[in-house]
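The chains carry the letters A, B, C and D, assigned in the order they are written, with residues numbered from 1 in each.
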């Protein structure tokens, strides 16, 4: 981190950036009211900090050897004067603000009619953002892969339904880009680009999505520790995109015998992550538990633990869903969840 | 499970019990208002159900091949007409009732003064039960093992302080019996006998403690799945003791790199366990997180998830504690936790 | 699986394939000496097996609802008459044959000189295939990402060195394609395309790589069970590519406290996988243990467990390596490993 | 660790021991040829090392803050001049010596006839020690708990069969003490006392067993890291008993979906543990895999990884066994395992 003097000129700043580039590293520049701060992206051992410190206009050059730094509270404070959590705005929705945000919708978009009917339901229930999977990551090539798998035309058609439903019900929309080749297309239609848990480690995908200038929701991989989760979020931030929403969705179960939940929802990760970074944290209780009858409890628990919102799978007839029916709730059940969560969040707010 | 006819005589019941004993199995007898139900404890493959069904007074003989059965909701309903969760009464305290119960106190009892000062603090903060470890399970023989380790006299002295503090501040007391040889002694002084996570698999200890006729708090082992947890609770129930409080305290973390929490608190286990059994579930956020700054959040989350109460380590000066200082909170902080939790529980109650 | 009659005509086969395509599924056709077998790729619930069975030329139509099927021993036996493990030929090297195969080389290619010096060393030590990472998957954006990260030109230059070194020392070469956009390039230069553990779940990458017609080495993700590992290998096989080498490289460690090894090497996975599939299994002890002093032992153990070969990181001066120095061995140490492994394999062979 | 001067008198040594006891710690005294070394057992922060260093006869007083120390290679070297692995002698059998040792027998002793027939089988197959469970740890109270569960008389009768079979077939015998109350009894009959994986954390049991003066085989708990495993072995060593055999038997599986093995056998733990301690390490492939068809491979792998021997469940008719039939092998299969393992061990020996 290079802290420039308050009177450093633009030329001096450029000079430092060039020195960083000369060492084949990248610079992350924040111009504050009083002074500029330049973060180094890449392997800092390639640069000579003693030399940097002697450059004109440089006040201080500090090496930070951690796997993530741009997304830390310290860096946010220093570079942007960010005291609290970052608020990410999508349309009229504020993620990370005073209200818990509910992202809801079907696991997979199955038809225009199915999508619109669910969108209507979740809107009435009080949801803020509409979700709907078009490119579905599946453990088996022999499972339904989402409408996006059939053809480019059908993918676009489904994406278009999503955008249309979002407009009609005044809900920003989110959908997943599973592979690099889907990023451009998804970025055209979605308000938030989702990166699924299975792809959390895909740094090329993160880099590509980081460059689209749209908010990104990054799910934690089920085998990833918190340090890894934040380190991979840093790949997106390194492209200049700070609009990153982190989403906890359960980690691999341990122990032998029958599983009572699909994954282990790690709710302590919420406050633990919030101590580290200014990025908002959401929770997906649907994939974590895989059980419709646990959604209410775990939604309340997630909000009580400090989550900024939830991502919940909803279907008017869960039994009929092509994917994940056993973990979906109905719009009416969603309404109860939202109502309880909003009241819990009000309770814990002043004490946060 | 042997369901007797409504007009079965005592003699007929005895006859069935004798048949069960003849096969070297044990019988768990529940006499309802209308009829008696006899549960079989042990390996049912040793008995001939067809033959049982022909005995006089027997209405039905049903084999149940699950690792636990006495503690299931079904068995509770059938044998005792228990519709809801079981309420366990300890003095004036009701565990599993309408109020969340807070067990608080030092990790380890260090001195009479320390204990009384903390007992005073937790009472004022609103706690219901006083905890204090005298026989401490420790990962290293080179760590402080609790006052109980010095000598029988000192163990009794410390246990006596605990009982005395409980009386003075009107708080039932709980402490751990770590090994079989400590059970009788602990049962003399404590209102609830605690079995620690490390000893969950110790079936001889569970059997012994099950025979003492006192409520038992059983912690889930950090490597145990829910099925195993319930199967070991069944060892206590098999001795005729249904006053079992289950306690989730975190499971082994997965993933490499730095740990942000000591264990992974598995809050989805709360509702998942409650669907299976009538036994109340508590949560210990102190050992689970190992972090003082996460106690508030995880306490709120646990109650929101449906826990019947919490077990929290408290010290007037955490930095001074001989064991686990980094995870203890002060009595003032406990007060905030209790206040928030009580309000959250009121919110979710009607919807449970 | 559609088993055709021995006298089924080409037209009848085409007719079945068209019926499968009509249901938006794909067909995998194997023409045996006596009869043809058609496998269905995709969600079989979309097709009517009763109807398929009535089509002319069809002997039997059997639904198989498992997450993987093309790579199973049963399917191999039925469709190709494959009795044993599949042998994958790369140049003169046979993977899955009578000899254990050793893939060795630097973790990351750092320079032409470094690569050639190591290639020379591993050739002399008895290795069969040369490895060298050019696109390095890294947990932190702030770590060295491999020469491929600088620019397209430098990526090609490094790939060219690899190909050149392979020719000079008569070693087929393997390198990783980390993202979809690298597949075409890597396929031009490498004899085997490696998919790293972090990308095992990247089904778009697997699909793309499956279409290149080159052998693929797929590493098991550190959070994946065996069923998932095989299910994702099936994505490659579904593109008509059976030349898949599976590689066990350790799963996430469990338990708290200091880690003595980087991951947990799951050697029982070798025979367990071999019972399921005809694909050869390799082991990477370098990434699994992260410890140079355990490579010899774990290499011997892997071969004794039935692995078809090993992938080992080698450097003439491990301390100097830019990546993973603590887990690299020298060419001389590799020689000892190869010698011991070859003798162990001879011992266990007849009993396999 | 207190290193005495070479000319320290017995009185000076006593003096140091008394000082240690005064601080309520225990002393572990090793008298070497040239000088005595005194290890401190317990919480060293309770003692003043500066003061200890000033006592007459003391050469050096060094604090060691690790969870285990008596069992480390360093301590062995210093206190006993132990350069290599410790050899534990049981009758004519040397565990940790030049030959791999095979412990074999039924999971549970079911009858005198069954035991003798299997003992005969394993002796002919080349096994060195006879195993047979009499007190069986079981996950469910509704499973067969071993003959020891019926009554004290039957427990003694079964233990007597074991001793008798050992004598007849010239095989030292090992059986498990599951709870504290069984230790005295088991110690009367068995040559080696086994502590099962579920009881690894039971420090009271370890302490009690450590005092019996008989070799102890300690199994690693399935949720325990290596550091914990060694820390609990230290509880036995702290009682003056260095005849501890460590046994790896698999850790909890991670990942969702179908399990292909019961636990994950952590073979890298063998060399990792051997770098830390002089205690011999055995492997139990039967419980680890739970699969008869993997025993041969995993036995070979364990020996190749450096294990000093194996513990294998054997039955003349696995299908008939009351417990664990699916993981037992026949005496003939054992013979093949022993033969292969002995040859592998010869191969790797000089290179160890």
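In this section, contacts are C-beta pairs under 8 Å (C-beta built on N, C-alpha and C of every residue); 3 or more make two chains touch, one makes a residue touch a chain.
As the structure is a prediction and not an experimental result, all values here were calculated from the model.
Colleague: Can you list every chain in contact with both subunit A and subunit B?
Modeller: C, D
Colleague: Out of B-C and A-C, which chain pair has the most contact pairs?
Modeller: A-C
Colleague: Averaged over CA atoms, how far is the centre of subunit B from the centre of subunit C? Could you give it in whole Å?
Modeller: 49
Colleague: Rounded to a whole Å, what is the gap between the Cα centroids of subunit A and subunit C?
Modeller: Roughly 32 Å separates the two chain centres.
Colleague: Any chance you could list the residues of subunit D touching two or more other chains?
Modeller: If we look for residues of subunit D contacting two or more partner chains, we find 222-224, 228, 252-256, 259.
Colleague: Can you list the residues on subunit C that touch subunit B in the complex?
Modeller: By the definition above, subunit C touches subunit B via 222-223, 252-256, 259, 262-263.
Colleague: Could you pull out which subunit A residues touch subunit B in their complex?
Modeller: Of all residues in subunit A, those touching subunit B are 223-228, 251-261, 264-273, 275-276, 288-289, 291, 293-294, 296-298, 300-306, 336, 340, 343-344, 347-348, 351.
Colleague: Hey, which residues of subunit C end up touching subunit A in the complex?
Modeller: The contact residues of subunit C facing subunit A are 24, 41-44, 65-69, 137-144, 150, 178-182, 198-199, 201-205, 221-224, 228, 231-232, 234-235, 238, 252, 254.
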